[in-house]
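Both complexes below contain chain A, partnered by chain B and then by chain C.
Presenting the complex of A and B:
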């Protein structure tokens, strides 16, 4: 019996688990262990020296999964060198003596049904395509609902009256999401929880601070790799705006690119690769919508974002808005981040009082 | 008459001679920035982000050197060559970075074969911006194209012939903007030649052959210039004594592609990663021991 596993990214292991366990009823989907500091330690040990950090995180998770006796690993790819991770990771794992196959669903930032079909046949040659399409549809909807609720949480979590109420409800929701059987049930669960979220009491002052977070997609979506930045901001009672989520990457990115390009044509003419040009447009949007500050996060050595940074700097100085740049690495210390965040927060407060 | 500035970095090592012939034929004066020196490196460091790769930093240094010496600076953008042949994202971004960092007039064109933007179209656009008519541009393009073709063919023949020699041969794997740059790779190559070693360049093979050969080492790779390099390794593997990888810190495609190649190679190799504080003395020691290992005799 094949045992499938996949690297973590945020809470998206729940829809992924849901999809795989329904398409391949004869296989076991390994429950992926949570990312800890040990994961990144293992990942760093076996990675090339100046590769970007997501490589290290995913490699670390893969090794942990293989220790739990997984034999088929699924990796997604992005438009930058993320698309090329899978082949090297497979080689590294084989050199370490593990017997496994790594399946790369997306390369070069694009994919098609033919390719996915071919790759899924490697796992189980007799999988039903109709089932796959149906459960694929439910998974997509699940991701969409999760993203909508996450957006709502991000705007309000800093102002909750009973601390922890958002988080506990979200965990409850994710558990019931993982047990749904059909689309109708999913929709009903979503509506029920959405109402519950609206009912949570929040106290939002008018002069609250608003911050937009932009940056590289993996670091932004995996809370462990950005040292729980959003949680720390929420502690300071800040409203957070974030654009990147899986639904955006899958369905909106291609459509919105032209809009973004038109919107910020004085800053970039061509695509800078991956999410970089989107981030430039978002930076301009945040400045124009009068957000108090912008935080740009990325993993170290993320080439497209490095290209975007000078341009983001320029936009910020034109609009006179503060930007904080974070570059996360396996060796980044949490205290260092906290100190910089606190200083940034104090500065924003002072600007607000003026 | 407006003067065009050509930064001697990145794109120059792929298209420099071609541009020169093209502009010569159009009768447009141009200035090429000098070989990279410490002054240019320092200028680059001042302007660039600290995480940019050394080659891009140098490029910005060259542009900074040229900014008040000419009317236009030629900064192209190269995105892809179709069929899984992408370039590094720094090549995508260079034009926009320069546009935002400097307030100079830029001449630019875009190579994006998936969308149908070719070199020919780009050069016609540039010719128009320089106030030349269609016939002049066509003549200039043809002149430059034939010359470039001859030059490339000559390089291929020299490189392939070197493979047949009986001396110690080392394949240098790297991007041309690193290998021939004064502050990055030139010293290494000079050192090897001084020690009587036949140097074979990975970028001087016929890319039509090497590009498809790279499949034997890596089937998923989609970076064009890395593909050419890996293909060169496959092509010459049996006729060489060792390989030296040269890359600038922190090169994105090289960090993955070279690592994969090193893991699959069965012949001796040396990996040199160069950043702005690397001194040649340190490299010399490593090169010396590598040559000793290959059984080469040292001159001094």
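Presenting the complex of A and C:
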């Protein structure tokens, strides 16, 4: 029997697991181990030194899955170095002596459904397109609901009256999501939990600090790789706005590019690759909406974001807003992050008081 | 009894302590080497301050800053523990309310703080690299066989500073060795080194920042006249170096301690205090967090380093 696995990103293993276990009835979906310090240690050991950090995290997870006897791995691609992840990782894994197949869902920047259909048939001969469409639809909805709820949590978690109430309810919700059987049930569960989230008591003062987080997609979405930045901000009672999530990447990004380009045409004319152009537009948006500060995060050596940084700096100085830049690597010192965050927070407080 | 406030800045290389009164007047101060043992350094520091402190003062607040701020904060039961960026800004603003730019170069880090109308508007801190910080200068001083304190005087003697590849400390060092072996005079090499520190700072930390006067330069490296000279030359602005520039962080945190006083009276007597830290590695999950437990008089006051929150 084929054993299938995929790298982690945030909480999205739940919908991924849901989809894979339904469309491949004869396949075992491996419970992917959580990202830990060990994961990144393994990943760094076998990765090229100057590759971006998400490569190291995903490679680490892949190796951990292969050690749990997975034999088929799923990887995606994107409009930057991410586009080469699958091929390179497959090669590294083969060189290490693992006998595995890496399925690349995105090649040359696009998803070719005919090719994928063929690949998926190879994994499981019983794979049916109609079933895949149905469960794919539910999965997309699940991702959407998760993202809506995450947005709500981000805005409110810093102000909860009983610490931990948001987090524990979210964990409960994710477990229920992983057990749903059809769309109707998913929708009911979502509505139920949404009401529960609305009922959590929060105390939001009018002069609260608001921060927008922009940056490279993996580092932004995988809390382990950004050293739980959002959690730390929440501890300081800050409202967080974040744009990037999977639903955005899948359905809104392509549609919104033109709009973004028009919106910030004084700052860029051509696409900067990956999410960089989006981040420039978002930076302008955050400045115009009078957010108190902007945090830009990326993994070290992320080329598109490096290109966006000077432009973001320029926008911020035009609007006189502070920006904090973070570059996360496998060897980032946590104390350094803390010091900079604390100083950033102090600065915002001081600016607010004046 | 008059009130006074203690600020302690425990940096990577040096530990600074300042006692100020209600009018921001420094009544006692000290500057000693940390030598990798912040707890012992602070004990020594407090002994010196105790001697210096005139009679008739009582300490009403303690603040800690610097890289060992959390640890020493627990040791001294500080009423405020703040990062060094805020502390430096507050300290400088107390004496120079009109300052616009603070350049700070310390032992292992360097930062720039931009200020407008008395509030911090932006700041930056060096990220991955130690190029252009005090520890680099002091290790190069050792290599050249002179005291760090004399570095500035040597640099001023030079009329022709050599160019040193300054992007990275490792390359700078090999370039420096090369220049020395080729036969350049010591003064010129030292001057070149000071210049490279300035260039590095401006290219790395100061990148994209608009540096407007009045500019204040502080941190341990500000005592180096050579570096000050090249900052003036390159920025084409006057650079103010306060005589207490190395103590600014400590002064700032003392001011913050005054603002946050709790009403308690503190003692500088640390002889009988037992303060130990125990480190161990947790093996419950593959994270293998390095945990640190801190005991004050045999009582567990805090433990750090846990990712899951079990400790």
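Following the convention adopted for this analysis, the second predicted complex is superposed on the first by the 351 of 354 C-alpha atoms of A that agree within 3 Å, B and C clash if a C-alpha of one lies under 4 Å from a C-alpha of the other, contacts with A are read in each partner's own complex, and residues count from 1 in each chain.
Definition applied: contacts are C-beta pairs under 8 Å (C-beta built on N, C-alpha and C of every residue); 3 or more make two chains touch, one makes a residue touch a chain.
On a predicted model such as this, the values are computed, not experimentally measured, just so you know.
Asks: Put chain B and chain C onto chain A via the superposition and say whether they clash or fit.
Replies: After superposition on chain A, chain B vs chain C: fit, no clash.
Asks: Thinking of the overlay built on chain A, is A:311 touched by chain B (first), by chain C (second), by both, or by neither?
Replies: After superposing on A, A:311 lies in contact with chain B but is clear of chain C.
Asks: Just to be sure I read the superposition right, which of the two partners does A:36 touch: chain B = first, chain C = second, or both, or neither?
Replies: second
Asks: Under the superposition described above, what is the C-alpha centre angle at chain A formed with chain B and chain C, rounded in steps of 10 degrees?
Replies: One gets 80 degrees for this angle.
Asks: For the overlaid complexes, name the partner, chain B or chain C, with more touching residues on chain A.
Replies: B
Asks: Could you look at A:327 and tell me whether it touches chain B, chain C, both or neither (first, second, both, neither)?
Replies: Once the two structures are laid over each other on A, A:327 reaches both partners.
Asks: Is A:343 in contact with chain B, with chain C, with both, or with neither (first, second, both, neither)?
Replies: So A:343 only meets chain C here.
Asks: Pick one for A:215: touches chain B only (first), chain C only (second), both, or neither.
Replies: Neither partner.
Asks: In the superposed arrangement, does A:7 touch chain B (first), chain C (second), both or neither?
Replies: neither
Asks: I'd like to know which partner A:293 touches here: chain B for first, chain C for second, both or neither.
Replies: Neither partner.
Asks: Under the stated touch criterion, which partner chain does A:84 make contact with: chain B (first), chain C (second), both, or neither?
Replies: So A:84 only meets chain B here.
Asks: By how many Å are the closest C-alpha atoms of chain B and chain C apart after the superposition?
Replies: 5
Asks: Shared contact residues on chain A for chain B and chain C?
Replies: Correct list for chain A: 300, 310, 327.
Asks: Show me the residue ranges of chain A that touch chain C in the complex, using the header's touch definition.
Replies: 33, 36-39, 300, 310, 313, 317, 320, 322-323, 327, 329, 335-336, 338-340, 342-344, 346-347, 350-351, 354
Asks: Contact residues on chain A for chain B in the complex?
Replies: 48-52, 80-81, 83-88, 91-92, 95, 104, 107-108, 267-274, 276, 300-301, 303-304, 306-311, 314, 327
Asks: Within their complex, state which residues of chain C touch chain A.
Replies: Those in contact with chain A are residues 67, 82-86, 117-123, 125, 127-128, 208, 210, 285-289, 307.
Asks: Which chain B residues qualify as touching chain A in the complex?
Replies: Within the complex, chain B touches chain A at residues 48-49, 51-53, 77, 79, 84, 86, 88-90, 92-93, 95-97, 99-101, 110, 218-223, 249-253, 255-257, 259-260, 263-264, 273.
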